[in-house]
Structures are given as structure tokens and as C-alpha cells.
Amino acid sequence: MSQQASVLYDAPGPRAKQRNAIYTVLFVAALALAAWWFISELDARNQLEAESWTPLLEAGVWTDFFIPGLLNTLQAAFLSILIALPIGALLGIARLSEHAWIRWPAAVWVEFFRATPVLILMLFSRELYRMAGVDSEILPLYAVVTGLVLYNGSVLAEVVRAGILSLPRGQSEAADALGMRRSQVMTSVLLPQAVTAMLPAIVSQLVVIVKDTAIGGAVVRFEEVIAQLRPLPTSDYRPSVIATLTAIAIIFIILNFILTAFANWLERWLRRRKKGTGAVVTTDMVEEQAPGVRLEDTEADVAGRKDDG
Amino acid sequence: MTEQTSSATPMIKATAVNKHFGDLHVLKDINFEVPRGQVVVVLGPSGSGKSTLCRAINRLEPIDSGTIEVDGQPLPAEGRALAQLRADVGMVFQSFNLFAHKTILDNITLAPMKVRKQDKATARKTAMELLERVGIANQANKYPAQLSGGQQQRAAIARALAMKPKVMMFDEPTSALDPEMVQEVLDVMTTLAREGMTMFVVTHEMGFARKAANRVMFMADGEIVEDTTPDDFFTNPKSARAKDFLGKILTH
Amino acid sequence: MFDFLDKPLYAEYGGILGAFWVTIQLTFFSAIGSLIWGTVLAAMRVGPVPIMRWFATAYVNIVRNVPLTVIIVGSSVVLADQLLWTLGGSDTREISFRLAVLGFTLYTSCFVCESLRSGINTVPIGQAEAARALGLTFFQVLRIVVLPQAFRSVVAPLASVLIALTKNTTVTAAIAGIEAAALMAAMIERESDKVLLVFGIFAVGFVILTLPMGMFLGWVAKKVSVKR
């Protein structure tokens, strides 16, 4: 909508329109120049020849390499979220406990694993499993899933907490008034609603998890999609490294687009729905959740919070 | 009635104004004049284009065709000239729109200092006088979120008045208020009208229209359907749409 | 207890402190780069020129969906190995460092852009209109009304981005042995009797780098937030 005003701009007048037209021409020229330069750079290293790229069109490349890799990625991602969810729910509730001796250990756990890089968690768990004598075939999967669960359990704990805090206070007061115990209030009133409010955030956390499985591929030899970069260019098919990497990137982009679209759809659906409180933990920025930062303090993250029911 | 001589330049003059939002024709060949010192109340069902017309007068909404003149000057399309003209047209919004990160006093002194280049002491003095006038001088150092809706709206009126505007536009200034706060805002507006301010007011407050307005414009579907005195409009509406509209708001 | 550290391999990293120093440098330069490129992207995204908006939107939506590992590995195997770019670096260590900074910048700038954009969007459009209606010019509206409020709501998300970047620098280990995570990978395989100690050292190192920064910036964010 070039004709409309925004927070920053008035609706453009004739001079502003002319200026915008000039910017458009300059920008297109700059983009074209950059593209041309990069393509000639590729061409100079013979990267544009057909034989570097056409092997990607053969079915075997997909059935032998990409699809098994993709399945491993999905397997690790779903295992991780399934295991991380109950852990996250427990930790999230624990952080809201009335008892300091429950609240504090949970807080330390959550902050520790939000502060520690996933890659380090994967390396550590791989060594632990190796020492425990876990079969070396299955070791990378164990390491990847454990690393992802430790990290995402803590991330989800914060989502759960924000989800519960996002519920109208009236909900828990009404339940209190009915004489329910706190644990009953939590399990039968707050948690089910919070989980619904969290669904979009959970799905978009899957995007983060899917991306993080690639760390496993590169560092603990987990045979997911990016791990195919090693064997594929030297296999019978021989696509170039650049072609292979492009295909890998596109696979991830498509997969994550689908997950993101689903998360957004869920969010819209939850907001529209008459049933429930309409509270939703939005999908924005959950990815960049940092240790020490409370999710509910960042304006972008929790929407639909109300004071009464 | 404080009718001016017909030779004086009107404060607002709209000629053949048209505007579309996509396929929707929101302003259809609008023509009217508001003479200096007159108070015009604009009425009409929701969606009839009242806000759009109000916002078009200081080009918060650009128009597709036609001309709008303020005090004899055609509305500039952009830049400094537009900013200058806007400084002379006070505007009060339904949702107050006070700057949330500034105190009430700073909200009011901001534009006189930045646009009119007044020094701080003068701006503060004027601001305090205005706050006194709208009855919230004791709230000067609070932030907007700490005030009630009625107080915020009165602060917003003071903010607009601080620019010493030639004309004041109001777009449903009391619609977002709790009922008990409506009167305090209307009182401020009525006083302003008595003092001779030229005012263009979109409102459904019949009491205000009867008491303070010189003239009522009734809009429906992007057209000005009736343009007459308040008495005439309320007692003797001519068009079916106006009768229908009055029937709905007077019976509830 | 710590004499296992005196191995020539570890000395290449400058020991644990040396490796963490590289982590800090990677974070620092990538943060500067991301802030610059992210701001440019945000300016395009909220600007009045449709083609720029389209480009920035496409860039953010594509790049943020590619795993960082793919970007970092890509900068190494594509830019360095195939296209022979050195980015002005003289040895492999230096080249890897610069490629990593480039990769982190390309990736992290997406999140910087999104934080800035959402910060600007938290300013209600009505306030900007009120400012314009008072006769403030474009730059006055920007400087006095929009940016001060946008800045306040941008502190927390940007803090999160910075902290995530600090942790993400570990992905450098996929292409080079220069920073803390690569040193840990080397150590944990060799010191199989001290796995817990090695993990503890590096985990605590990252907690020290990130947690105080997160708590401080979270506190700042809360302090400056605008009441609405």
C-alpha cells in the first residue's frame, strides 16, 4: 500500500511519490548488479555447468540421501518436542509454585539450560551415552534429542509460565472461590487453557528445533539433512557442493514455511474462537528467548492478557 | 447566529471532494464552507464517511479529487507547508492519542516549542493556563495512562489549543468515554464554542448540537444529505435517511 | 585437577580463556554487523518503497528459516572452498573467523530487523497522527514520538537476540576449531574421565557470558517500558 500512511509516513504527496519512484529504480539496479556479480563469480569457478546441478533431478538422490535425512530430522524434532513438553509443563508450573524450595531449583534449572548452547549440550550428552555404552549407531540420535530436550524443556517452561500468567486472573479466582485446592486449580482449570493458548508457540518452537537438528548433523554426526553434504557430492550422482547445499537450504525453508504457516493459522483460529478466554501466547520472537529475560515482560510476546474474565 | 459577511474568506472550504478506499466511494462530491466563528456539527450513521471527511481537512487522509482550502489557502500536499497548515488546525481524536511517554505538561508544551519555537517558560505558562481552563491543572505532571478518559480528552483539547489554532476539528471526542465523563468534555467544548472558536465537530451528542452548534450537516453514504440549523434538523428533517437516523438515536 | 589443560592442542586455542575470548570477539563483531544490516533491513521493511519492503520481507522470511548451521557451513564450503573468497584474511584461522562473522551477521540481522520492526509497530499510529496534526515534521515525529517509544520496547527483544547470538557462535565449531565449543569438543573426547568437569567449565562459561547480560537487559527493558 504505497498510498497509505503508516506510523512513520504520511500518505505520499506528488514529490514523495516521485522520490519513491527514483528509489525503486536505484534499488532494482543495485539488486541486479549484485545478482550479476554473484552469478559471474559462480561462473568464473565453473559452478553453473549443468552437470553440477542436474543430478539433483534424479530420484535416487532424493530416496537415498535427502528423504532419509529429512525423516531423521523430523524424527528427532518430534521426539524432542514430545519429551520436552511434559518436562516444560512441570518446570513451568514449578516456577509458579508457592513454595520457594520448588520454585528456586526449577528456576536454576531453567535458567541454566536456557543459558547453555545446544551444541554443548549435544556434545556432553554424546559423551555420557558413550560412557554408558549406548550403541554407536543410535548414539547421535540420542545426543541430538537429549540436547534439544534439555534446552527446549526450559524454553517451553517459560512458555507455559507465560501461558498461565496470560489467563485472566478471574479464572483462578473463580476456581479458588469454588473451594478448589491450588493443585486442582492448576491441573483442571489453568493448565488446559494455558496449553491451548500455547499451541501456536509450541508449533513455532518446532521450527527452532528443526533448525537445531542441523547442529547435530554437523557436529555429532547425526544423519539428518545437512549431513548429506558429506557423502552426496562424492556419490554416484555427483551434484556439486553448492547445488547440494542449495537443495538442503530449500528443504529446510519449505519445511519451516509449512510449520510457520500452521502456527499462524493456529494462532488466528484460537483468537477467533468464541470458546476459551482468547488469551494466546504469540509465536513472535519465542525463538530468541534469552536466559534471565521474562517472557511476559517483552511486549511482543504475550497478547490478550486481561485483568478480569 | 454569528453569521459573517459573505465577503470574508471561509475558514474551511471544500469543493467537489471525492475519495475512494479501493472500490468504496467514501466521499461523494462533497461541497461546503465553514465561515469563521461558526460551529458545525456533523452527524450521520457509522461508516458514512464523517471521520474520513474530518481527517481529509488536514490531509491525514489524502483525497482523490477536488480541493480543500483552509483560511483561503489550498491544502498543501506534503512537506513543511503541510506541517505549517496542520499547526493551524487543531485536531481532537476519539482515542485521545496523547504521547504515552510524556507527561501531560510535556504533551502540551511539545508542539508550541518545536513548531512555534516558543521558549520553554512561555510554553509552560500557556500550558498551565490551558490546563486550568479545562480543569486538570493538578494532573500536569502525570503520565497519560494515569488519567481517566475524560481527563485525557481534556488534556488532548488543551494540547490542540496550545497551538492557538484557527479552527478545531473534533472526531467523536466523547465516544470512547464512560458516560459519567462525557459531560466534562462537552462543557469544555461548549465554552470554547461560546468564545467564538471555529469548530468542526463530529458527534452524536444531541445536547451539544442543540446548545452550541450554529449548523448541522447530516452525512449518509459519503454524501452531505442535509445542511441546516440544529432546530430545523431535529424538528423537521427532510430526507428519509435523516428521519430514520433520528428515529434510531432519539428513541434509545 | 586442572593439569590436563596443558596439552599442545589446547594451547592452540590459547587455553579455555583464549577460546572464550574468541567467542566474545565473534559475538562482538557479528553483533555490530547484525545491528547495521538489521537496521538497514528494518528501514526497508517499514519504509514507503514497495520493492524495498518486498525485498526485506523476502530476505527475513527466507534466511530465518534456514538453519544457522547451513549458513555457516555454506559460507565455508561455498564462499571459501569453491569461490575462494578470503574476506581479506591471511590464514585459515582468520578466514574462518571472518566467514563465521559474515554468516552470523546474515542470519542474526533477520532477528534484529524483526525486533526493530515490532518495536516501531508498538507505537500506536494514532500518536503519530496526533503529532502530525500538531504540525510536527517527518523527522520530528520520528525523533520525538516514534523512536523514543520504539526504543523502549525494543530493548528486551534485542537483548534476547544478542544472547542468542552469543550461544549461536558455538556453531563455528562446524567449520573451524577456534572458539570455546570447538575446544570443548576436542577436550571432552580426550578427557573421558573428566567429562562432567569439562562440561561444567564450558557451561558455566556460557552462563557467565549470557545470564547476567540477560538479567540486566531484562531489568532495563522493564524499567523503560511505556505504560499504556
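We just call them A, B and C in the order they show up, numbering each chain from 1.
By definition in this document, a residue touches a chain if its C-beta (ideal position, glycine included) is under 8 Å from a C-beta of that chain, and two chains touch if they have at least 3 such contacts.
All values reported here derive from a predicted model rather than from experimental measurement.
Asker: Hopping along touching chains only, can you work out the least number of steps from subunit B to subunit C?
Answerer: 1
Asker: Which chain lies the greatest distance away from subunit C when centres are computed from Cα atoms alone?
Answerer: Centroid comparison gives B as the farthest chain from subunit C.
Asker: Top contact pair of chains, counted by C-beta pairs?
Answerer: The largest set of C-beta contacts joins the chains A-C.
Asker: Can you check how far apart subunit A and subunit B are, centre to centre, with Cα atoms defining each centre and the answer in Å?
Answerer: Measuring from centre to centre gives 48 Å for this pair.
Asker: Which integer distance in Å separates the CA centroid of subunit A from that of subunit C?
Answerer: Each chain's C-alpha centroid was found; their separation is 16 Å.
Asker: Scan subunit B for residues touching two or more other chains and write them down.
Answerer: Only 60 qualify.
Asker: For subunit C, give me the residues that contact two or more of the other chains.
Answerer: Residues 124, 129, 132 of subunit C touch two or more partner chains.
Asker: Could you check subunit A for residues that touch two or more other chains and list them?
Answerer: Residues 5, 10, 12, 16 of subunit A each touch two or more of the other chains.
Asker: Contact residues on subunit B for subunit A in the complex?
Answerer: 59-62, 76-79, 82
Asker: If you look only at subunit A, which of its residues touch subunit C in the complex?
Answerer: 2, 5-10, 12, 16, 20, 23-24, 27-28, 31, 41-42, 45, 47, 111-112, 115-120, 123-124, 127-128, 131, 207, 210-215, 217-219, 226, 229, 240-242, 245, 248-249, 252-253, 256-257, 260, 284-285, 287-294, 297-300
Asker: Going by the contact rule set out above, which residues of subunit C touch subunit A in the complex?
Answerer: 46-52, 55, 61-62, 65-70, 73-74, 77-78, 81-84, 111, 114-115, 118, 120-125, 128-129, 132, 138, 141-142, 146, 153, 156-157, 159-164, 167-168, 170-171, 173-174, 181, 184-185, 188-189, 192, 195, 199, 202-203, 206-207, 210-218, 221-222, 225
Asker: Please name which positions on subunit A make contact with subunit B in the complex.
Answerer: 3, 5, 10-16
Asker: Tell me, which parts of subunit C touch subunit B in their complex?
Answerer: Result: residues 124, 126-127, 129-137, 140, 144-145, 148-149, 152, 226-228 of subunit C touch subunit B.
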